[in-house]
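Right after this note come the structures.
In the two complexes that follow, chain A is the common piece, with chain B as its partner first and chain C second.
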Partner chain A sequence: MIQRCWTHISEGSVTMLLKVNSLSAGYGHTEAVKDVTFNIDVGHITALIGPNGAGKSTLLKALSGTLESYGGTITRGDILLDEEPIAGLRADQLVAKGLTLVPDGRRLFTHMTVQENLEMGGFTVRDKELFGINFNRVLTLFPEIAPLRPRKAGSLSGGEQQMLAIGRALMINPKLLLIDEPSLGLAPRLLDNVFEKIANLRNEQIIGVVVVEQNVHEVLKIADSVVALKLGEAAYVGNAADLRNDDAKLKEVFL
Partner chain B sequence: MITQLTVNGIIAGCTYALVAMGFTIIYGTVRFFHFAHGAIVAVAAYTAWAFMAYLGMPFAMAAIISVVAAGGLGVLMDRFVYRPLRQRKSPSLILLLASFGMFLVVQNILQFVFGSDIKMLRGGAASEGHRLFGAVITSTQLWIVASSVILAVAALWFLRKTGFGKSIRAVADDQVAASLVGINSERTVSMAFFLGSALAGVAGILVALESNVYPAMGLNAVIKGIIAALIGGMGSIPGALLGGLLIGFAENVGVWGISSGWKDAISYAVLVAFLLFRPGGIFHTDLELRKV
Partner chain C sequence: MEYIIHILVLAGLFVIMTVSLNIVLGFAGLPAMGQSAFFCVGAYASSLACLHLGLSPWITLCLAAGLAWGVGWLVSLSASRLAGDFLALATFGLAAVTYSLAVNWDAMTHGPLGLSAIPPFSAFGYTLDTAWSFFPIVTFFCLVTILASRRLVTSPFGRVIQGMRESNMLCESVGIDVGRFTRTVFSTGALFAGIAGALYAHYVTYIDPTSFTPMESVTILLMVVFGGMGSISGSVLGATILVVLPEGLRFIGLPSSLAAPVRQMLYGSILVALMLIRPSGLLGKYKWR
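Up next, the complex of A and B:
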């Protein structure tokens, strides 16, 4: 049932960033993610797709060390980041290793200004010069944010908040960025915009990105690989191109 | 007479302000009413008294040890009572009840160990007072005012300018978001408890210098501290300072010509007036009561 995509690894040109091995996670007696296995390569965008309640957010929470804050736990399996086991580490420990999440609901510091949100994003970046480089890179990627800097984050529009949330996460210069539903509440035009930024991000910096997305056709335009979940299980793990051109298969994994 | 009452009000207000600052720092971070904060006020006073009475330690040394002990006690309360409850996702009402329980336990332990009689931190006659606009103010009282103001400024600087202060603000705003930018939220909470409880410890020693040491002394301190924090705007350090001074002033000047038994009633009246007409407090923080 699980189709693996080994092409990139066999090519030998791409290195593996994250390895998820038979991962199960859930909340109390509900198992929301069941025995999921996949890999993420450096410089790839992975689309994590599946219907509502499939376990996409739960998987990202498990990968980012925030699942416990939501009352959940990893029940089985391993997660390796650069071959180092990370399952069970707290989110702040994972940030130090270069992994962070843009969570669903964005979770900005709403009482702080946009500027302060970006500064908090770089909280762990002690080197002033590096901080400045990261800060400028975020503002170059999201020029829309620059004029908003004195405003309270809570007062921004949905699209602006989404950009700020991604910008804040980029302040640590992550090697793996997880983004949960960037399109939520966005107009289609803004959605294209945010996806374009994510694609730029991957092109300019060689980082891994995992995007959870309901707009499958949109996300397939920028994705390199796909993990599709269905009732917590991996229904498809493989190449995005294969799925992009195969509507019948797409229907099969998504319905 | 009125100047003397004002001076008395400022002195009392300073101790309320210190308790309120500690309370507000802790509340701002964990968002529940840490009532046992009052017990820490009393523990610090007793610790200082015990070190001086039993070991003959000089005041300054006893005071420093007591303040550190107060901070440590706050951290222990968090670590062994609040943190397990937080991890079990207990509602803040449960945390409040646990806090009441700890307050009573500590108060009873103090009573059991030291007895319920009144102790004095400073033996001997009251020191000579200085004259100030017709009022008398003692050197001890000047110390109380000076240390309160210095500590308020220091705490404010600490919270506004240091990384630790920023992490407290971040955890207060959104704990998950704070962890996703790399902040260890449990450690931040521990530090907030240490800082807040040390401030309560200073207040306990100042109260002890000015009046007496007795097991229930923490009750008045924490109630006035909470009122001051609410009036100032919960979560605001300048608010806690102003709120404390306002309450101290109101209850001392307010009893001019009537029995001093009305002090508490006046404090509550001021609180009610604020809750009705300016529920966010002087500094109108958005950490309103509904978020308790």
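Up next, the complex of A and C:
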């Protein structure tokens, strides 16, 4: 899987990883996401932003396959991962396709050790050798996790927990990583650290990352592209740099 | 002495049910309250197969365990959709329905009259109908249950179900089909309760619905919580203490009309005391919510 992802990059061109095509989703008669279209490229970090109630989390649930367990459905449109339709698959089926979610709130198996959390992350990786490769890669990306391995995950600090959660998700060597509100519950000092780690994922250039975030200024610092939602509709889809330098436009999109 | 062995046999049956419920309730965190239903299914299925088909109790024991497993699996189809308190209610409802079936399905269960003359186990030409001779059987099945459960919870399977107790969503995000694991764990718990039921029926050789009231489920639940959720040795200890302790009431000279209500009061106060003093039970890993 690693090999194949690397060749994507070496071709030099931007390769499309995920394609969301006029997607609508909601709960019952309420449509929380209306006709949203965007693409995610390999090696890009995409910020999914928008005010409260804009439909960010509904869109994320639709992408991660958890919408149905919240009583929602995808009503129209489709989602393609590497050209393959994935709309309507369950979260665990999506993991097999290389898409995984770092949930907000309960991010870790708190009763288990750090080591066990990483092992749970690689639960579906049956091949021992591949497991070892992924494991070492996670520890290279997050060297601060290594000495914590015997500790209970619940005893880690907020920043360490968030890093372990991302590390755990990387254990399946995903093509696309969805991160829900990484700043939630983190002290501002730790925030930079976590975002730096997420930015490092892009430098590795092997996966696509979607970050849902309330803290717009922070996430714009590391994002390549932006999907901004407003009342369920896409208010801005495009380059992050344009938005970063244009306060007036950011205000227009966000307010 | 015969009486003490009899109490230990009963304790053994409860150990089987408590340890297996602990897998469901303690390790996997599914608030299942239906253990008495599977106990009932096991007891009636084995007795009826024995009485009507004339099969050996050893064979009907396996049939009963299989049937309990099947019923457990059917129930788990809805269990994997229900969360938390709803699952507790649904499984408690199952216990009530099973009890009600045992009382009202006259043609099959003889209603409140119960089934009598159930053949006991026999081996090598001996009939194992006394407490003494039955004790080794119950001990054997206890050991099987304990060892199988220990094996189960230390395996990767066990780690997954302990992860499910923390968050289903988290398990799905690492690629685990939570529904499949829920069904497996639930039907495993039912299987062992079915074995306990069959053992009970062939031991006492007479069963009636009063042994299978939904309150029995609560008793078993209490044993799990008392011994400690997520601890197999805790369940062994919890079940043994809570079976033996009320029997002690006989020796302090309580009239039998009082003994039953006093037993309920004792159980009730233990539960309250546990919540206040030791929410994780004797040896438990997790707190009772």
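By definition in this document, the second predicted complex is superposed on the first by the 240 of 255 C-alpha atoms of A that agree within 3 Å, B and C clash if a C-alpha of one lies under 4 Å from a C-alpha of the other, contacts with A are read in each partner's own complex, and residues count from 1 in each chain.
What we mean here is this: a residue touches a chain if its C-beta (ideal position, glycine included) is under 8 Å from a C-beta of that chain, and two chains touch if they have at least 3 such contacts.
What you see is a predicted model; the values in this text were computed from it and never measured.
After superposition onto chain A, the partners chain B and chain C occupy overlapping space and clash.
Touch criterion met: A:100 reaches chain B and chain C at once. In the overlay built on the shared chain, the residue A:108 is in contact with chain B and with chain C.
Within the superposed three-chain model, A:148 lies out of touch with both chain B and chain C [touch as defined at top].
In the superposed model, A:71 lies in contact with chain B only, and not with chain C. With both structures placed on the common chain, the touch criterion links A:91 to chain B and to chain C. Contacts of A:172 after superposition on the shared chain: both chain B and chain C are touched. Applying the stated contact rule after C-alpha superposition, one finds that A:120 touches each of chain B and chain C.
The intersection of chain A residues touching chain B with those touching chain C, taken from the two complexes, comprises 64-66, 69, 90-92, 95-96, 100-101, 103, 107-112, 119-124, 168-169, 171-172. Residue ranges of chain B in contact with chain A, taken from their complex: 89, 163, 166-167, 169-170, 173-185, 286. Across the interface of their complex, chain B is touched by residues 64-66, 69-71, 90-92, 95-96, 100-101, 103, 107-112, 119-124, 168-169, 171-172 of chain A.
Chain contact summary for the complex, chain A toward chain C: residues 64-66, 69, 90-93, 95-96, 100-103, 106-112, 116, 119-124, 168-169, 171-172. On the chain C side of its complex with chain A, the touching residues are 156, 159-160, 162-163, 165-178, 285-286.
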